[in-house]
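Here is the structure we will look at.
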Amino acid sequence: MTAALHVHEPEETNDVMSRKSSSPLHKWLGGRHLGPLLPTAAAIALVPAVVTNDYFIDVANLALTFMVLGTAFNLLYGYVGMLSFAQVAFVGIGGYASSWLVTHTDLWQPVAFLAGGGVAALVAAVVGAVTVRLSEGAFAIITLSFTLLCAVVAAEWTGVTGGRQGIFGLPAPSLSLGPVDLVADTPRSYYYLLAGFTVLALWAMQRLVRSSAGTVMIAIRDNEPLAKAQGYATNNYKLAVFSFCAFVTGLTGALHVFRLTTIDPSIFDFYLMQVMLIIVILGGAGTFWPVAYSAVLFAVLPEMLRMADEARLIVYGALLVLGLLFLPQGVGGFLRARAMNRQLRDMRGGRS
Amino acid sequence: MRTRTLAAAAALALTVVGCASSTDSPDTNSGPITIGLSAPLSGPAAALGENERNGVQLAIDQINQDGGLLGSRKLTLAAQDNACNPTDGVGSVTKLITQQQVSAVIGALCSGVTLAAMPLAKRYQVPLVVATSTSPDITTAAGKGGNDFTFRINPSDATLAVALSSYLHKAGDVRKVAILAEDSTYGRTGAAALQKALNDKGITVTGVDFVAQGTSDFSTQISKYRNNGTQSVALYISGADHLSFLRQAASARLQLPVTGRVELEGQNLEILKDEQFAGSSSVYPYSSLIKTPANAKFAKAYESAHKTPPTYESFEGYSAVMVLADAISRAKSSDPKAIQKALVKTDFTSLTGGTVKFDAYHQAHDKAFILQIKNGKTVIVSDVVT
Amino acid sequence: MTATLGAAAPPALQVTGLGKSFMGVAALSDVEFTLSTGTVLGLIGPNGSGKSTALDCVTGFVRPDSGQILLDGESIFGKAPHLIARAGLVRTFQTVKLYDQLTLDEHMSLSLRGLYKAGRSGASRRRSAERKRATSWLVEFGLEQLRSAPAGILSYGQKKLLALAAVLVTQPRIALLDEPLAGVNPRIIDLIRDAILQANTEGQTFLIIEHNVEFITSCCSEVVVLDAGKKLAAGPPSVIWDDPAVYEAFLGRKGDGHAG
Amino acid sequence: MDATYTWELLANGVVLGSSYALLAAGLAVIFGVLNVVNFAHGALYMLGAFAAYFFIPLTGYWIGILLTAATMAILGIVLQEGLLRRLPPDGAFSRSMLLTLGLAMIIQNGAIVLWGAGPRQLPEDSRPQGHLLLGDVIIPTGRAFIVVVAVATLGALYLLLNRTQVGRAMRGVSQNPTAALVVGISPERIGRLAMALGVGLAGIAGATLTPVFTVSPQMGITIVFKVFAIVVIGGLGSVPGAVIVAYLVGMLESFAGGYGSAMTQSISVFLFMIAIMLVRPQGLFSTEVRV
């Protein structure tokens, strides 16, 4: 899917501004933007060493899942400006596709997971082909309806989805390498699997937003007509990013349901979407790491706020409203604005 | 930029570490015995989960009043919300077992969550007592099916459906039945079981409609029943929808008896008393009208605490605790594995007068009841062993 | 990019019979004009006369109902905006459009990457030439100090300058400017006028919508007057101002309608 | 299955369509004038139903409906002044969508905390009694009232939008944001009025259903998505389009459910929407021009 992003692009950035040169590998990995990834990866790696209780490992598992889901949604909404309510549908589609493949075929699990992402991307390409050209509102509502439709199909298409009850008893992902048998059948072992995937996914997504295609994505969000007037096939970009995010989201969904060992139509519940929205809005739409960290916060927060779901949703709703009113750019946007002001002061200082 | 990121990463690590430090130390030989409950306490099924929790709490209070178990060790309840979805469900059960160190888990009301909880019970070797989930797959996987730690005390829908269709067949005046079920595991498995049982008895099913939970308009279905020769409507819907359907049927003058899994109590009963629903019946594993001393005591205590008669979920929650208490006493230990061994040998008299004994698939066979409305009152027509 | 432009070459842009209606109301009918290579064509008319609609039709942002639009003799009628832009028709917008969160440098390079075909062929020599050109425009407009600042912080006039620079740096076949002077102070008007004249001297072709009479008179070689969606008059500026019909259209309808 | 059945389905479709029309018209007004996709519409509809649940036993049916409409209209103004108007202007469109989503979460779950998740019904003596007989078709009075209220309300809305200065200004604004200034009405006033109308209509829709259905905090969840679909099919922001499509969808659902199953009924509107989007992405009655 990323290939499509490069239809229009040379493989490297050619900003007018010259950049510090570095080794080709370092540059390919992300160059100067690699910075935040490394400490984050280190923190992720540290968790199993300090957390002894399985339950908290499971909370950490959820945090990693939210990190990828939130970041993928951030890519769409924060960077390209597409308010897609279909993300939760892609979680479900990836989950169902991989579950079906594992329970009905002899496909190797990692391949089935990737296929789950692939199916999600494929569906996204079809949905996107119709919707990316529509107005913001129509896009939001149609992606929302698509999610609702997915829930109905999941409940109805009993032969494939197991109906209301879903597909259950999913086997733990395993990998046999000669004498070594790796099985992710406990929260702890699953954590390693998820952690590896999360770091990889974060790296890929951050690589995308820092690339020249990423600049075009921001351009589309900030002013789509201008991007068109500058010769960019904005709909193709939107379609490609939509599909790419669906792939990442679908793959995350696959890993999520195999951790739960079951999938049923409740995967399409609006709750997950609400969580993704809050993560992105309060983290700061269009800022990469603040959103990733806010995902961790909103996975851990329910543990700190010991309250019923209703009360928690009231708190979330209030946070959403207050955030939009008083911190419209989120924490990330606030920090960025502060950094920018400092930079501007320096610039002005330099001029005088 | 870099320092900020480092700070954030450190905060992230600290948050998780902070969580980890609050782990309790296990203690299985003295102090209170903790019973875990995973049930929906929020979302559309919250009302049912609340009923179950009330039943569980009542049982625990009664046991504690009578001096507790294993020589005056008190029972405590650890309840976790599972919101009726597997994500929260797995979290709730993992938390009960690994953090709150429960001796056994009761749950998880919604079949989908129960199916997700079963592997956890097996992995951590903690008994899971299923009290209200209806999916037949739970029993298939339990006991001989491979999951030794799962036990179910509520009857399967298939047996209830067979009992109901036998009754309808014998009663003789209903030969065409429409099924209206909610779009949930409960509704779908119930509807499928009843459809099969009715067909076996030669009763025609004129149609099966699955409505989304929270559906408020049933006018289309009501028109259909009025016009396609349906003689009775079997309901597998719950909560607000149940009442909603009955009211709309009443005001649209739908002259049909209802059957299926109808709660013939409370607001429903007010509507069903009317002549237009004459001959309505229901099959239920429980009724507050059951005339056993144990049940009378339970119903009275429940009603004084909650101002309403106990529901099916309250009964099952209460029973689950009682079955567990019985097993703990016989095991002479609050160790989960010992409780599991004792549970297998359960022979316990239920509130209904039936017997709770687990078969090879860890399925108990308590009594169920055919209920009917006569002269504006619910009466028990017959009971069956499921 | 055609390098050979002999006497027999078709005009840069030829529009004939252009029509467009919204909800049955004609916004444009039978509009025609011709733009020759190397010239500056002014498109004027009272508010709501259809100038911007005409520009939108030509650049593909609005799909015209009828007519013919030829760029160097080839039809671009009804094509998608980004394809028309890549073909060499590059525009600015009446309400200045920029990417608020992107830096000035990023604006320039996005514009070059999107539009300047040579920029994508990867010849590093060419790319460094582009880079130099971008820098020189920013210097010329006094924006070089702010090149790594996001465009959102610019003043209105600076935004207009940046939007113009982003078009001119790509050296498009035709630059279409929608009211480049509206709302900016005299100092910036001078900057913009000078930039347009300088680019024109270097061979740049322009189509400009503008209200500033003095600017039109001094910069345009040819003017087309639109009124109520129809072509009212055409000719060199000096001739046009003497046309009584034009005079009436402007004075008789002053303040009528809303932004068009 | 005969003529009576068809007539009965038709009558059901009209009743269903009337509810949808009230909701969809409100949603379309808010979108058209304020460019806000109101995610809280379902929650406000639920609030309207609860308001009527409290009012009707005290005041009777008709005054109860009026009181509900007035209360909800005031709530609309409060929401506009207290929240929507205070949104930062950049990117206001998606922000307003998310703001109303947050609002919906608060109202929805607040109602559960406040009133419990269980269903409530009006006491027997507060409900409209009896039923109408049209030929062989039985229509309960409460359901007939839905149609009466909807037609009267939508008629009044039509007059307001087409015959009054402020209404014309509102329609003008939906096509061009500066139009209100031209006729000399402040955009703030237009915004307040739009929210008052939109939320008031949602309230009326909820109120008319109170005597017929049960009232519960979850009642707004599913219906709001359906109404969104209706507004999209009608052409975002087109009030007449929304009303026409609402009745069409009412019919469609009634017949899809009547001759198919409840499941065909519930997905018919979304399939209809997808079909329309493929053929006419801007909706059936849209006046929008998009590239």
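Which chain is which? They are A, B, C and D, in the order written, and residues in each are numbered from 1.
Rule of thumb we're sticking to: contacts are C-beta pairs under 8 Å (C-beta built on N, C-alpha and C of every residue); 3 or more make two chains touch, one makes a residue touch a chain.
For reference, the UniProt names are A, D = Branched-chain amino acid ABC transporter permease; B = Amino acid ABC transporter substrate-binding protein.
This one's a predicted model, so the numbers in the text were calculated from it and none came from an experiment.
Participant: From subunit D, which chain is the farthest off, judged by mean CA positions?
Facilitator: Farthest chain from subunit D, going by C-alpha centroids: C.
Participant: For which chain is the distance between its Cα centroid and the global protein Cα centroid smallest?
Facilitator: Chain nearest the overall C-alpha centroid, as shown: A.
Participant: What pair of chains has the most C-beta pairs in contact?
Facilitator: Among the chain pairs, A-B has the highest number of C-beta contacts.
Participant: Which whole number of Å gives the spacing of the CA centres of subunit A and subunit B?
Facilitator: Chain centroid spacing, subunit A to subunit B, equals 37 Å.
Participant: Round to the nearest whole Å and give the separation of the Cα centres of subunit A and subunit C.
Facilitator: So the centre of subunit A lies 40 Å away from the centre of subunit C.
Participant: Would you kindly tell me how far, in whole Å, the mean C-alpha position of subunit C lies from that of subunit B?
Facilitator: Distance between chain centres, rounded to whole Å: 71 Å.
Participant: Mind pulling the residue numbers of subunit A that touch at least two other chains?
Facilitator: Within subunit A, the residues that touch at least two other chains are 225, 228, 309-310, 313.
Participant: Can you list the residues of subunit B that touch 2 or more other chains?
Facilitator: 42, 46, 183, 210
Participant: What residues in subunit C touch two or more of the other chains?
Facilitator: Answer for subunit C, listing residues that touch two or more other chains: 61, 81, 100.
Participant: Within the complex, which stretch of subunit A touches subunit C?
Facilitator: 8-10, 14-17, 212, 215-216, 218-219, 222-223, 225-234, 286, 340, 343-344, 347, 350-351
Participant: Using the touch rule from the top, collect the residues of subunit D that touch subunit A in their complex.
Facilitator: Subunit D residues touching subunit A: 31, 37, 83, 86-88, 90-91, 93-95, 97-99, 101-106, 108-110, 112-113, 225, 228-229, 231-232, 236, 263, 266-267, 270, 273-274, 277-278, 281-283, 288, 290-291.
Participant: Can you tell me which positions in subunit B touch subunit A when the two form their complex?
Facilitator: By the definition above, subunit B touches subunit A via 1-2, 4-6, 8-13, 15-17, 19-20, 23, 41-43, 46, 81, 83-91, 94-95, 97-99, 111-112, 115-116, 119, 123, 135, 137, 141, 183-185, 187-189, 210.
Participant: Using the touch definition from the top, list the residues of subunit D that touch subunit B in their complex.
Facilitator: It is residues 1-2, 4-5, 8-9, 12, 15-16, 112, 116-119, 121, 127, 131, 138, 140, 142-143, 209, 212-214, 216, 218-219, 221-223, 253-254, 257-258, 261-263, 265-266 of subunit D that touch subunit B.
Participant: Spell out the residues on subunit A that touch subunit D in their complex, using ranges where they run on.
Facilitator: 77, 81, 83, 130-131, 133-138, 140-142, 144-145, 148-149, 152, 156, 225, 228, 274, 277, 281, 309-311, 313-314, 316-321, 324-325, 328
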